[in-house]
Amino acid sequence: MSLLHWAILAPFIMAVFVPFLRKKAATIHTGWFVLILPVVLFGIFLQYLPVTMNNSSIIQTASWIPSLGINFTAYVDGLSLLFVLLITGIGALVVLYSIYYLSKTKESLHHFYVYLLMFMGAMLGVVLSDNVVTLYMFWEFTSISSFLLIAYWYNRDRSRYGAMKSMLITVFGGLMMLGGFLVLSIMGDTFSIRELAAQAPELNNHPLFLLAMILVLLGAFTKSAQFPFYIWLPDAMEAPTPVSAYLHSATMVKAGIYLVARFSPIFAFSGYWFWIVGAVGLFTMLWASFNAVKQTDLKGILAFSTVSQLGLIMSLLGVGAASLHFESLDDNIFTTAVIAAVFHLINHATFKGSLFMVVGIIDHETGTRDIRRLGGLMSLMPVTFTLSIIGAFSMAGLPPFNGFLSKEMFFLSMIQLMELNLFNVETWAVLFPVMAWIGSVFTFIYSMIIVFKVFTGKFQPEKLEKKPHEAPVGLLVSPSILAVLVAVFGLFPNLLSYSLIQPAAAAIVPSIIPPGEHLDVHISFWHGFSPELWMTIGVITVGILLYKFMPKWTGIYDYFPGKVTLNQFYNSGLYAAERGSNAITNAYMTGFIRSYLVYIFAFFIAALGFAIWAKDAFRYDASAAAPIGLYEVSLIFVLLAATITILLAKSRLTSIIALGAVGYTVSLFFVIFRAPDLALTQLVIETVSTALFLLCFYHLPKLSRHEEKRRFQAGNAIIAAGVGIIVTLIGISAHSSKLFASINEYYIENTYKKAGGENMVNVILVDFRGFDTLFEIAVLSVAALGIYGLIKLRLEKGGETNENE
Amino acid sequence: MIEAVLQISLVVLAAAMIGLVYRLVKGPTVPDRVVALDAMGVNLVSITAVLSMLLDTSNYLEVILLIGILAFIGTVAFAKFLEKGEVVEYDRDQ
Amino acid sequence: MAFQILLNVFLAFLWMFLQVSFNAHTFIIGYLLGLLVMLGMRRFFKSRFYLHRVWAVIFLFLLFLKELIKANIDVLKLVLRPRLNIRPGIFAFETELKSDWEITLLANLITLTPGTLVVDVSDDNKTLYIHAIDIADVSEAADSIKNSFEKAIMEVSRG
Amino acid sequence: MINLPILPILIPLVAAIVLLFLSKNVQAQRIVSAAAAAFTIIAAFAVMMKVEAEGIQTVDMGSWPAPFGITLVSDMLSIMLVLTASIITFCVILYSFRSIGSGREAFYYYPIVQFLLVGVNGSFTTGDIFNLFVFFEIMLMSSYVLIVIGGTKVQLRESIKYILVNVISSAIFVIAVGYLYSVTGSLNMAHISARISEIGAEPIITVLAILFLIVFGLKGGIFPLYFWLPGSYAAPPAPVLALFGALLTKVGVYAILRTYTLFFYHDQAFTHDILSLLALLTMIAGSIGALAYKDVKQILIYNIIIAVGVLLFGIAVMTEESVAGTIFYLVHDMIIKGGLFLLGGIMIYAAGTSNLTKMGGLIRLYPALGWTFLIAAFALAGIPPLSGFTGKLLIVRAGFEAGEYVGAIIVLLSSLAVLYSVVNLFMAVFWKNPENKLPEEKKQTASLFIPAAILVVLSVLYGVGTEAVYPYVMQAVDALIHPEIYIDAVLKE
Amino acid sequence: MEILMCIVAGLLFAAAVYLMLSKSLLRIIIGTGLLSHGTHLMLLTMGGLKTGAAPVLGEHAAAYTDPIPQALILTAIVISFGVTAVFLVIAYRAYQELGTDNMEQLRGMETDD
Amino acid sequence: MKTNDVIFQTVAKVVFFMIIFFAIHLFFAGHYYPGGGFVGGLLTAGAIVLLLLAFDIKTVQHGFPLDFKWLIGIGLLFSAGTATGSLIFNVPFFTHAYNYFHLPLFGKTSLHTAMLFDLGVYFVVIGVTMTIIQTIGESE
Amino acid sequence: MTAISEVIIAALLLVGAFLTLVAAFGLIRLPDVYTRNHAASKSATLGVMCIMLATFLYFLMEDGLFSSRLLLGIAFFFITAPVAGHLISRAAYNSGVKMWEQSVRDDLKEKKKQKK
């Protein structure tokens, strides 16, 4: 266990103490204690910056299950460090924000901070793990802590709904991802990502490659809310706003991006990767930005925008990979795309974080997030307004903010893709930039909505629950810091270029960088009237126009029927699953024992019949069989006659008498077959059981046949015949294939010599196999005690006589 | 000679058994069946006795007595059940 | 009677001691010897010599055996006759016997003999209800029971 | 002491006998039964240490040499399961003190629990196929009594079905043993294994494999044979249910595992394919059932079936890895099911109903219960590092490796169904606002909670400390995958 | 003879199954009785029939019948006796409590107690 | 319905002793001839059942004033104890010991721990059967 | 074994078997349960006693085995068979089984009437 491990585990350890903190130091907001941790961690991790800037990495291993190759291996390289800094940095800001956001008195803070710390630790674990199993473990932790945070106000139905939805989808993804990891581990015989990446070329040719890729991508897509799995994210907005800012925009949803980036060295050389990741990302971006516009809840808009932005980053990672797969393209396209992705990732965290916090402030101060009720807040909340402008403009891709830069790079990557000689370039590849552009237009529109619907227009105090005024300073600190970063990164992008972006991008696909060289990352603000700039200009113009005339065209949303949305699909799917299972279960779980027996016997007949038929197992060999005497045949006849009497009996006593007759005849067979002990026992048992039957009969009903229908009886008869035939067939076959001599010679030899007895059966019972007998009488004892208790002890319903039950 | 006689007796006894089973199956009343069952028990004793001679073993002699005992107990139990509806009374004087 | 048997056994043991041979063989010989001696001295006993009773038992047994065989022949005839020509019925039979085991013995004997079967006993143990397979003459049947079985049993019990 | 392996069977047996004489004194019964269970744990642990050090331990009952007498065989697998079963029984006994009610206590509840443990431990330990039947029977007989003791309507109604099904399965078991004896001429499992391996894949052996599958499947609750299970298991009170859920079905699974690794491994293309198909159907059917109900007991019970499916799949794949996974998962499932059912019992007690639609809001009064349940739920779903994970990981990995892609993915998806059902349960019981106002007063649950919590903690430790358990599991796997080890240890050739 | 006994055991099984599938609880219990008879006969048959004298050494016979199945059956008989007893009592208590012996009416879904 | 069972009761008393003696004979014969603890026990129970049939539970309980459930325990104790005895001698569980002795009256006799075990079986079987029958009988 | 004993045994056997058959035949043939009971309790008993006697003699002659159990068995039958017959017919009567329609007399009926 090194410092790194302790750093990862620190949040968990702290989480354990949080509930005590709350008790011991009740006067101070718990958040202040918690705040220390991310700040300290941020400081610690900053020290690794020089290491990663050299494109070198650090590995620390602590063993967990070394026998299975599952170890807690912490791995720091550019990519993970970037994420770590995001997690701890934004984490610190969010905690700070939450101190003012969540009331000390009203909320159960210890829960909140426990969950949050758990999440932080989990996230650190995800990005720092080299071992896929530990990665998966932390991955599921993020899902769980997200579940708990979304359901923080657990008595709200929507919270629980959202929590369950997010968990179902992300855990589903996680499980699939685990499957993918396991397939990878089979292919590469290791759980270490580094070692897997080293074998990338061999893995590419493995037949399971595609399966592994799809499974891993399912994990990434669900976590990063890609189409069609994004539906959980809008519902996750039921969480307190600091949580939304932290988990559902800045960090957790980016875990999917991280995963894709992390596994790029392994998968990116495959054409499928390009298609799946690129197409899904781009379509998500388009679809979500389009849908964001129609939202009325501010957090809803932000949720869809997050989905859209994640799609953007995702598509960059995918599209870039085209150059790795297709020989015709220059690998630089990939670097461009990856750098754009990394850069946008940082930018998105900053502007979206600040936007969420702004929305939180609005919610906090006005009591609503519904844009139809808000408006004209500009004068009342000037600081908030400023912050929101910065965030939204950056998101819309307007200069001079960082969003502009990364958006430009995004366009550039898409345009470069047109060089690809892809099924008649001119016609189809142009779709990529076109989609990107349309998506950006909608992004522009909703960004504007956030700012202008809320802060301009008519102020409607009557629709608000509280009288709005500017937020306290504490609430403004965190978004302000982020807003400043937005501007700073926009104006001085190269602050990041070599410190964070280059190492991260280099870590994504180290293999394409020639040894000893660095990636050339230079982000410039102005690069001439390039196609991408024209695209941005187009976005702005068209965006402004569309925003102005919004009521005219929003009717197109009505063309999307409400019934076939993915949400609807999820809801009705879940509903159908419950209803359906209920229906199915009720159909076969009739509670009627006959049904169960029918299933059982049907399976008995089918399985064994099939086995006999398929294996041709039937043998017939009567050569060793004993001769048949005339009187034996008559006795068999007697036995069968008595049996048939039972079947046809109309009175209960008749059937008992007939059963007794069967029993006596059976004991006669024991006599014939040289088993005197058996005959003795069978006789006594038969008599005693008959006596028991009679004893109980006093209380038993008359033998009613409960008007069984002909068909019912016929069905029974067929099944009964089937069972009988199978038993007989196996019996004959088993008897006909006596493959070994029995061990009975030993008993015949030693009964007298060693056990000092003459009656072999009895000696076997009390000596050779006396162990059986000991437990056999135990069985009898239990039966007697049970009967005693059964008759004497009569509890009322549920047996609630005393304490409980 | 004994051998032949034994075989013949067995067949005769088995035939008698079938007759008893006829009564057992036919009824018509339950006491009829009980009578048949009792007779079957007795018949069983005969068959066992003959068999033990046929197999020339004394191992079944216990069985013979046992069947007698049990047939008696069984018949009595049935009779009592038929008569009183219950087999074991708790207190007769009540 | 019990005293007599005890004495007889004692004599047998005495014989064994005298013979210094302790096995069943000697015992039986001793017992028979004792019996013989006691037979000779029977006038000295207050009650009747117990061998008499033994004889009564044997007589009862033989009587019974005879009746049993007769009974079976009857049934045989009855069953094998091509036409059933019987008139069954239940008649009451007053008995003089008192003790439980006497009645039991009587009932058993009646049941095992020709065409009769005890169906019930009255609560005061005085009347036996007997089912007869062919009830041609009730009084004759009752008389035969009285004369043969009842007397024989009394011989045994009251001696 | 050469008789060590017998102790985990003997101690409960003797305890049960002693308890018979104490039926009037409930307090003494409690002390004796708890002490006996504790001693059983110690004994099992001692045996485990010995097995670890010296390999498979065998005791020839009555000093009769191996194929002729009955031989008890403690290999690592059986002793692990014995230890687990003893621990669970111990916790259940503690739990029973305050929950089972003095009525049942006075009517031989404790001795019968001890007898049940005798049956379970015996089934795990015995090396003789007919003796297995006897131990099955003592286990079943105890379960008949436990399911019906108290004689309430539901118990009576459901126990009829339970007994009937088990009577049938026992009958089939006996004839199956008869067939096997006819073919191989032996009853000693090692000896049978040795003899079967001499002849290889005889068709009749394959048929018998299916027959045994049906026998054990009826007990273990595999797909077309489990229908009786949910209804019957719902009838008895919580501690009994915990015993059933944790132990009984697992004995069936153990028997399948044992026979399919020892006897029926020669025609895997046929038998194990059927097994794998059934495993998948079992998981699906279990998931469907778990989603269908709105009742605490039912949801947990269907989770038993899902777990059986997973285990069966592990057996079907039949590689070293999958068997290791199966063993990991088997032990995990026993512990966690015991814990869950006990927790479920407390929940039902606290809420006064087992119907989810009528429950809610328990988290306020019973936070510890809620969180413990949630942890147990996650463990059940196989979230690392909790206990269900390692087993599932190995099973799935082996499944992929063996080319059973669909199966492996269904195993993964079944985890999702498990998670959904138990988390739904958690939310409905603890978070949802109840329809009716809850009683404000908190019921005393501490003494019930502690034994349940012990099991959950154990499960967590088992998960985190996988590395510590690993060598034991691998030793168990070794004996399963290489039947010769088992055979040599028993027959001492 | 063995073949014949296999068939007889099969027939007993069939009859037992038929009874167990009926609705009346009593018939079901009788079915279990038949089932155990079938089982025991089958088990005995599996050991081979009439292959020698009864397995009691005092006979000094040349060959003895296989004693193992006999011992097994003995155990099985006793156990099934215990089970039958418990089953009977449960049936009678169930009839007393629930008022019917028709299994179709003893369905009882979920928690309708 | 009240009936006069004088015949039956008289015979039952006699027959009871015959059966008991036969049962004990069967029990002792077990190791050498057909018989043993099971049959012996069951038959003993059968004899008691006969008394129950002829008389009633109250009378029989008066005749045998013992709790049959205890008899089960004692029987189990015998059987398990015999088996456990081998633990003391550190031989495998259930190892029996026997030897031949010359006893007065009996002559050459084999004393076998298996007999003790069988005695346990005998008790258990009586206890079980009688517990069951008595409990059911009393429940009316 | 001497020829005489052999003949005796064979005769006893045949008689016994024959009586048993007759009993069975009577059981089939006779009209009601009371009359059938006559056949069962007499012929069957004598039949089985004959056979047991034959068996006893057989083992005595063949193996020199004095089988007390067989003698006990004969005695047992002797004692119990009539009791069983008695109890069955009483049970039949008390449970209301009608006598054959050609029966001529029923004293018991009157007694029962008096009781009521």
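The chains carry the letters A, B, C, D, E, F and G, assigned in the order they are written, with residues numbered from 1 in each.
Assume contacts are C-beta pairs under 8 Å (C-beta built on N, C-alpha and C of every residue); 3 or more make two chains touch, one makes a residue touch a chain.
Everything numeric here is computed off the predicted structure, so don't read it as measured data.
Participant: Which chains make contact with chain D and with chain G at once?
Facilitator: F
Participant: Greatest Cα-centroid separation from chain A: which chain?
Facilitator: Checked the centroid distances; the maximum from chain A is C.
Participant: Please indicate the chain closest to the centre of the assembly, with centres calculated from CA atoms only.
Facilitator: Of the chains present, the most centrally placed is D.
Participant: So what's the Cα centroid distance for chain B and chain E, whole Å?
Facilitator: Result: the chain centres lie 21 Å from each other.
Participant: List the centre-to-centre spacing of chain C and chain E in whole Å, with centres computed as mean CA coordinates.
Facilitator: About 45 Å separates the centre of chain C from that of chain E.
Participant: Centroid from C-alpha atoms only, then distance chain C to chain F, rounded to Å. What do you get?
Facilitator: So the centroids are 34 Å from each other.
Participant: On a C-alpha centroid basis, what's the spacing between chain D and chain E, in Å?
Facilitator: Centres of chain D and chain E (C-alpha means) sit 27 Å apart.
Participant: Using the touch definition from the top, which residues of chain E touch two or more other chains?
Facilitator: Touching at least two other chains: 9, 20, 25, 28, 38, 40, 42, 45-47, 53-54, 56, 58, 68, 74-75, 78-79, 82-83, 85-86, 89-93, 103, 106, 108, 113.
Participant: Scan chain G for residues touching two or more other chains and write them down.
Facilitator: Touching at least two other chains: 23, 25, 37, 45, 69, 72, 76, 79-81, 83, 86-87, 89-90, 94.
Participant: By the touch rule stated above, which residues of chain C touch at least two different other chains?
Facilitator: 104, 107-108, 118, 120, 122, in rising order.
Participant: Of all possible chain pairs, which ones touch?
Facilitator: Touch list across chains, by label: A-B, A-D, A-E, A-F, B-E, B-F, B-G, C-F, C-G, D-E, D-F, E-F, F-G.
Participant: Mind listing the chain A positions that touch chain B in their complex?
Facilitator: 629-631, 634-635, 637-638, 641-642, 644-645, 651, 653-654, 657-658, 660-661, 664, 667-668, 671-672, 674, 676, 679-680, 683-684, 686-687, 690-691, 694-695, 697-698
Participant: Okay, in this complex, where on chain D does chain E touch?
Facilitator: Within the complex, chain D touches chain E at residues 130, 133-134, 137, 140-141, 144-145, 148, 151-154, 156-160, 163-164, 167-168, 170-171, 174-175, 177-179, 181-182, 187, 231, 234, 293, 295, 298, 354-355.
Participant: Please output the residues of chain F touching chain B within their complex, sorted ascending.
Facilitator: 1-3, 8, 15, 18-19, 22, 26, 29, 33-35, 39, 43, 46, 49-50, 52-59, 133-134, 136-138, 140
Participant: Residues of chain E touching chain F in their complex?
Facilitator: 54, 56, 58, 74, 78, 82, 85, 89, 92
Participant: Sort out for me which residues of chain F touch chain C in the complex.
Facilitator: Per the stated touch rule, the residues are 2-4, 6-7, 9-11.
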